[in-house]
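Chain naming follows the written order as A, B, C, D, E and F, and within any one chain the residues start at number 1.
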């Protein structure tokens, strides 16, 4: 089955991102396709490549970026960050940074900034959309 | 693209958290995708569409007028929980008059708001393909 | 002691918890979504008792934002941010029921 | 329909709101702090009725994390993340009461 | 530096949000400042110090053992709400045994936990200079 | 009177930072000294110089950094970001970035990263500590 995920909260403050990650891993292990993970609201903060958790704690950003996020057919799971939510929370990729005259960027390369339409499209294209939030 | 039934559940008061504003942003984008869209205001979400909001004192953007645009985007199934209103001592007269122009009835201006019971809401929700709650 | 409550009593238990620890000298200030509990038909019996005793305040700016200024119960005292500051100064230790 | 509740019913109104919209085919899954409502002495009458009807599930991993595995009411059905995925697949549209 | 009375109110369950963990981090730092420190566990905060927490399945750090360090940091006024325990069907036997060594009593090991009523909590709170709630 | 502020939530998602800002401005206008504003939990996200809100919305980070945050005597209000909370949420200054091998930083120069001890010290040195959170 084709499943998409929406994550509404940032890493560490709420369990949302951890739960979504465990769910995503379990879904892929069962052979389902994760069509898209859409990061909205404070969820955009899960995409920061500046994140430095304590050594004895999990690295949520890297877990999303590196581990187990390939579908059974080997395709990548799309990690999409809402651009409007990201900008007002200081999450920028190179293109948005240069557009807005900011000398730096912090979106991890495994994530992609895009519009809210990608969430709606995920709802349309997927058999299920599961939301994780506060 | 196929058509699906989307419902947005708005459950939080405006301004204390961003969910009301960012939910509205989703709904307006969603309208462009020509899906079957419903909005439900339940719990403290009913405060999102109350008349006479004035945010000058708190220094935040008053986005309540944007709800008037929903009709222009053909979003005219706006459900409000009767029980939630009643618990809060509110009535339909406390709500902003949200309307649309009915193209099947010589563009007559009609109300988009329908006050519904929990039983009706349950039925409406059970008919949806995608349910996003904010 | 000043008890600050910033959540709607419909959504969270924070006002209820706060009311468990009120003594004779405590004052409650409702801010942000907490002002919803200042509305007429909303406030609990215990909050109403405190309000009758002039010990419940609500932030005018947050009430205005939520469009409920005409709904506020008569005996809730309204303050602006300057009045909020005065309450913090006058009432001793502040506790925020976040 | 699958109703996912992730908050303690002591802290928030989300389980209560969810219960308002349950129909004969609805299933409830408790995750994160929502598993607190799976404990014996905690769950509401209405949740207990649904549980008696085998329609309330709780996530084992979240129960273990909170140290309440010995407290869970008998008729609450436990699932792991794989079981969570199965519920999403089997139960149709999912709604998260965030 | 002068001595003040600090109380930390812990009201949230662990893991669902970070408040429990980051509150504990504050308390441990605070201990170094030799202030008069009290901790109160009320509402769902009582779950923070419950026995037998096992976070292997959720992939988060189990920090519950750190509460045992409180005694070593001379934090031994740990209050737990009787009403909050009772509402949740919990008793003191469900809690981790948090202890300290009493230097005025030949370093005898004593419990740091005191079960208190709301009335007692109200009195304790009224005596504090600083109250931080998490 | 000497007042300190603690902010537990990030900008835009919760009203906490807005309320704290309005309170701080009002306190300064009344001639009180704001000893320190301490950003903890997701509150650290208020210090991001990457923040780009929509043109018609407030710029919370700049408001803290630039407007009205001088005490009556002309001294700056200290804006302190908790280092432990900041690192795990991807908020870095130059020094933390280089220590952790990250090629970039996002802390606005008006803010300063420091330890949790600064919060305790604020509690000790101030007549009041007021917390704004979720």
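Just a few scattered comments:
Methods note: a contact is a pair of C-beta atoms (placed from the backbone, for glycine too) under 8 Å apart; a residue touches a chain by one contact, two chains touch by 3 or more.
On a predicted model such as this, the values are computed, not experimentally measured, just so you know.
Fewest steps needed to get from chain C to chain E, stepping only to touching chains, is 1.
When every pair of chains is scored by its C-beta contact pairs, the maximum goes to A-F. Look at where the CA atoms of chain E average out and do the same for chain F: the two points lie 27 Å apart.
Each chain gets a centre from the mean of its Cα atoms; for chain A and chain C, those two points are 38 Å apart. For chain F, residues touching at least two other chains, in rising order: 12-13, 15, 19, 22, 41, 57, 84, 129, 131. For chain C, the set of residues touching two or more other chains reads 6, 10-11, 13, 32-33, 61, 80-81, 93-94, 96, 98. Residue positions of chain E touching 2 or more other chains: 15-18, 43, 57-58, 60, 129-130, 133. Pairwise chain contacts in this structure: A-B, A-D, A-E, A-F, B-C, B-D, B-F, C-D, C-E, C-F, D-E, E-F. Chain D contributes residues 6-8, 10-11, 32-33, 36, 39-42, 60-62, 64-71, 80-81 to its touches with chain E in the complex.
The residues of chain F lying in touch with chain B in their complex are 12-15, 18-19, 21-22, 56-58, 63.
Of all residues in chain D, those touching chain C in their complex are 10-13. Put simply, chain D touches chain A in their complex at residues 4, 6, 31-33, 61, 80-82, 84-86, 88-89, 93-96, 98. On the side of chain F, the complex with chain C involves touching residues 1, 3, 8, 15-16, 19, 22-23, 25-27, 29-30, 32, 127-134.
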